[in-house]
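You will see two complexes here that share subunit A, one where it goes with subunit B and one where it goes with subunit C.
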Partner chain A sequence: MIRFITWRLVGMVVVILSMTFIVFLLRSVVPSDPARAALGSSAPLAAVRAERVALGLNHPLWQQYRHYLGQLLHGNLGLSVTTLNPVRSDIATALPASLELLLAAAILAIVMAVVLATVQGLLRGTSVFSHAMVAAGSAPIFLTGLLMTYIFWFRLGWFPSSGRTSIADPPTGPTKLLVIDGLLHGRPGVTVNALEHLALPALTLALPMSVAIGRTLRSSIVGVLRQDYIRTARSKGLTEFKILVRHVLRNASTAAISMTGLQIGLLFANLIIVEQIFGWPGLGLYLSEALSRSDLNATLGVALLFGITYIVINALVDVLQAVADPRVSLE
Partner chain B sequence: MRTRKVFVAIAVALTAIATSCGSSGSGSGGGGSSGGSVGGADKVLRTAFNEDVGNIDPDNNFEVEGLGMIEAMYQGLLQYAPGTNHIEGLLAKSWTASADAKTFTFQLRTGVKFHDGSTMTSANVKQSFERRVHNQDFFTGYFLGDVKSIQTPSPSTITVTLNHSNYGFLDSLCSPWGPKVIGPQAFTPAHVDGKDASKTWLSKHEDGTGPYVLTTYDRGNEYSLRRFADYWGPKPYFNGYDIKIIPSLEQEILQLRAGQLDFVDQYPFQQLGQVPAPLKVLSWNTLGMELAIVNTHRITNQAERQKIAAAINPQSWISQAYSGYATPALSNYAKTMLTPTTPWTYPQLSSFKSVHVPALTVAYASDDISLQSQAADEIIAKLQAAGISASARVMPTAQFDNTAQAPAKAPDIMLVHFYPDDAFPGSLAYLVFQCGTPLNYLGYCNKQADTLFNAGFTNPSAAGRSQQFLQGAKLGFDAGSFLGLADLKDVIVYRPGLANLVTYPVLPWNFNYALATASS
Partner chain C sequence: MQAAPVGPSARSGWRAARWRGQLRGTTWSDKIGLAGVLLVTIVALFSSFLVPHNPLIPVASPFQHPTGAHPLGTDNIGRDEFSRVIAGLRLTWFPALAVVAIGVAIGGTIGLLSGVYGGWLDRILQRLTDLFLVIPSVLIAIAVIAAIGPGVGHTVIAISIFWWPWYSRLVRGEVKAIAARPHVEAARLAKASRWRLLTRYVLPGAIPTVLVTATLDIANVILIVSLFSFLGLGAPAPAPELGAMTAGTLDSLTTSWWLPLSPAVAIFLIAYLSNLAGDGLRHMMRTA
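Right, the complex of A and B next:
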């Protein structure tokens, strides 16, 4: 197992290095001028030329990559031409909001997936519930988000439509996750308000992920339910629920864990759309603004962060799979 | 069968939910206030920005949507009178200009306070102006790029001397992106921070003289302005503005309809005809100009370019493309900027029947999609009707801005909407029409036109200047390179109860925050 984990970590580092090279190449081949983007459309050509030299764009590509890698190792992602802040500090500002949304969506997705799979597994076939979930999870996410807003806010008034909180002075730490900080500061109103604002965007993000994981889990459950040891468990007099929880879920979880890892990438992609629709002040919104303003440093900084996170999570998923099914680490 | 019955039941239930609560057409909205008088009991107006403000440094941004907010915090020496291009004093109560338009002397108002509590003097004005002079790499550094010297003969007098004559200099001081007077807080050593030149501090703080103070800066989330108690001018009616960031236009519209916002800009033209009562629409002509730029490096034959011009003649389609909020251009300048004695006419298509034009690409910038896509579709249809094959191409904005570097590889036609810096026609010439200028996207160069433009900058006669700018731009029009398409209106949709929304041709998308009131 230790050897397995070690190799996974080494592989992870290699993939991350490769990704930094690809990100750097993208920065070099994008047909826009970073100097022009930094100075604005109306800047005189002489100023633009001087800025190109200042940015080191007149050096050979390999020298630029070496410099870029060196800066990365010091955590320097460059300056945002939009905010004029270091990209690192912009990301640090936006990250907690995205983290809170992603965690809420992931938890919701896993719970909904387990419910979906369990209901389908117990009913031994597709149900109205599963049809509805698949339909909701298959719709384009921007449509789901807008429909959620229209129905649950505009028509029913059940949840707020946008933003992260409507509290004027929310706590700013220690975790910067409002749901938790509200409790830590003894202000449950902040937590409740944060949960209200989280509801629609988290549900929008969670739906497609829950359907994908749920269907995978359900297929695995059906396969496991046919095994001889399940028949033995039934003959011992265990209830279906106890069989499911004690014997089925763990054995059926390998494929679902793998699917979860793959869905993380989709989650990041959908995050950009969902944060736009709900005005959620996170990394997705920061990235979409950076794209519209051709802020290369900010765009690639966030892309790098998403990429590294995805790689790390998938490495963890591999390890989790090995824990769930020891046969994986022996292969 | 049982499954089908359940499906039907769910469908009926969802339909009932969707049509309940506000079946009259306007939603109740969730959370917060829903309706009530504009501004509510605390007289604070609520609006939203579709795109977050990049930064609020008045010397280093080209904000458009955030202009109303910045104009509420900072002021310059001069401004245009409401609804006009007539120059009047703001922080300067009077001024004189030398006959050769090189030296300008301003008498400043006294008793003007900055938001930090200090009193404005000519030294502050000089310090503010010199920030742009010494930082030509700032987005708007070029406004003062020709300044030779700035003198302060007294605490209430400032003299600016230019290297060259410029009869448009006073107009540049009226520009929303023009030089503003910044308070001493921005110039403390800690905030200047060496070469940073206060960029970091001013990107999220302010020290202006305007009627409103920035009280909340929460980037990505919201901004708040509150009335400045020591403002030198008339006290604004509204106590403040709360501005949320709502990137989704659909969300903005829903929140406006639910009464959670008091006004929004950038309402899609195509939906303005269906604005539900009791919301109201305010529209006005700005200096904004819709232009089609034809690539003379790819379409080198003038007859071909003139056939293109004849095909896309805006007379027949502009009004429909913008749902009645645009009129065909009279020249290559907005009619609020400069109007020719006789409107320019497009060539007749019948004169070019035998001219063959190869397939064309019609491009526009990605952040202009909502404005340009309809126009692009109309142009392509008109070209195809004239026997010219064409297709649309959406380009990333930075790539769009970079086309001047390699015009031979750029699209054949580019659709652009320009907001000039100010009402002086030269501001469009030196940015767009002249050889080698930053926004001359497809690198058209006509030396004869440049001679006319340069003469216009230094002509003491206003009528003479107008003629020269028109003649210079006409050369580009006749060459089939710069084709003025439309004068577009800017639009604000607002809740009833708002009154006195004062607009200016030079100020896109915004009204004067300080002058708005509530109707009785």
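Right, the complex of A and C next:
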């Protein structure tokens, strides 16, 4: 077990380093002349040459990469040409909003996945439900977001369509998550308002993830239900609900946990779209604006943060699975 | 007793009967998916001839409601939205097919080499596959396009770079499973060359599974391509890219809802038909 966890963590570091190398190449080698890109197309040749020396572009590639790694370890992700701020401080400003949205979406996705898997089990053999699941998995995230906005905001007026809050002076700490800070400051109105603004973007973000996890969970549940110990549990007189909760879900969750880890990458990509549609002031909106303005430092900084988070979460998922099911570490 | 007929006409009869048998194993939704995918391919291929108006130039006043002359209305500068959606199918459908084809080609080759030769080559190629599987492919592809510049070709390249690992794993697994079968073992013992083993036994056995997986994968790639298009990483304006058309008309949702929704619904339809077609192919292969 210790050996498995150690190797998994070592593998995680190797993958993170590989990713930083890819980002380094994109930042320093792929643009035809980073010095020219920094100074502008009309800069004199002497200034471009001086900039190349200042950027260390005259050094061997491995030295440039070592310097880049050192900068990363100090949190230096360069300057955003859009905001003219360090990318690190832009990310720190936008991160809480995205974190709040991602947490809400993750909780919704897991709850919806369990409900979908259970309902699918009860409706076994019904093609309408399975076609609905296929249809839900075929919808682009922006179609879901637009339909949510059109129906629940424009037609029904149940939820707001954009922004994080409509309160003029929301609390700014300590967690920077408005749902929690509202309660900590004794202002439940802030929490309720934040939840209202969270509803549509979180649901939009959660839906594709819940469909994918739900289908995996449903397949695992079917497999577990065929096991002998389930038959034993039934013969002991346990109700179907108790069997589902005490025996089935726990044993069927391994594959669903793996699927959840894999969905994180797509979740981050969908976050960019959802924050753009709902005007949510998070990392996704920051990245989409950086892309539209060809702000390479900001784009690569956010991609690196998302990427490292994805790699770490998947490594933790593997470790948790090995702890929950020791057979995983023996495979 | 009359002898069974032989010759070309008999063989074509057997083939037709075999196809009918395979189609009999499919459901109504499978048939809709397979026919739908064929229709989408034909429409995308001949879109230049099928569009009623030029999708790039204004033909009427802007923001017209859907009418008989303009079934999906007109956009913010008066271009026919229906023509743009039809033309836009090509810029979503063929790039998605290209990504899957490149993924199958690269991943399939790596998986084939890995499974057939084994040993140190297998270990190196599979560690490489593992590395590409663990890296968050969509995010890195976004970063790649941000660095090299937007465009349909760049989108296809960026996504393909990170899409092949799944096929490497799939083909390697199929090759290993087929190679362990008795008839392949018998051929190996009969001193059949590696090339003969590959072309007569391994490839014909692996192709159906890869084909089904690739067809089911098209829907996923369509959604990824449209996501990139929405972010402005695809063909530049005024090219009618479905995702970009939605992104460019978000502000019109409450006044001209058909403008952002019709390209998005078109993407949903082709992804849904691809999923149905993949399921249909899977059922057909099962009854083969």
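As a working rule, the second predicted complex is superposed on the first by the 280 of 331 C-alpha atoms of A that agree within 3 Å, B and C clash if a C-alpha of one lies under 4 Å from a C-alpha of the other, contacts with A are read in each partner's own complex, and residues count from 1 in each chain.
Rule of thumb we're sticking to: contacts are C-beta pairs under 8 Å (C-beta built on N, C-alpha and C of every residue); 3 or more make two chains touch, one makes a residue touch a chain.
From a predicted model like this one, the values you see are computed outputs, not experimental measurements.
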| item | value |
| --- | --- |
| Touching partner for A:150 - first (subunit B), second (subunit C), both, neither | both |
| First, second, both or neither for A:4, with subunit B first and subunit C second | neither |
| First, second, both or neither for A:277, with subunit B first and subunit C second | both |
| Subunit B versus subunit C as contact partner of A:50, first or second or both or neither | first |
| Contacts of A:288 with subunit B and subunit C, given as first, second, both or neither | both |
| Touched partner set for A:65, first subunit B, second subunit C, both or neither | neither |
| Intersection of the subunit A residues that touch subunit B with those that touch subunit C | 30-31, 127, 131, 146, 149-150, 154, 276-277, 288, 291-292, 294 |
| Residues on subunit A engaged by subunit C in the complex (per definition of touch) | 11, 14-15, 18-19, 22-23, 26-27, 30-31, 127, 131, 134-135, 137-143, 146-147, 149-150, 154, 264-266, 268-270, 272-273, 276-277, 287-288, 290-292, 294, 296, 299-300, 303, 306-307, 310-311, 314 |
| Subunit A residues touching subunit B - in the complex, by the definition given at the top | 30-33, 36-37, 39-45, 47, 50-51, 82-85, 93-94, 97, 127-128, 131-132, 146, 149-164, 166, 196, 275-279, 281-282, 285-286, 288-289, 291-294 |
| Contacting residues of subunit B [partner subunit A, same complex] | 3, 6-7, 10, 17-18, 20-22, 27-32, 34, 51-52, 54-55, 57, 60, 62, 136-137, 139-142, 145, 199-200, 203, 218-222, 244-248, 250-251, 254-255, 257-258, 260, 366-367, 396-399, 401-402, 405, 431, 436, 438-439 |
| Interfacial residue positions of subunit C with respect to subunit A in the complex | 27, 29, 131, 134-140, 142-144, 146-148, 219, 223-224, 226-227, 230-233, 243, 246-247, 250, 253-254, 257, 260-261, 264-265, 267-268, 271-272, 274-276, 279 |
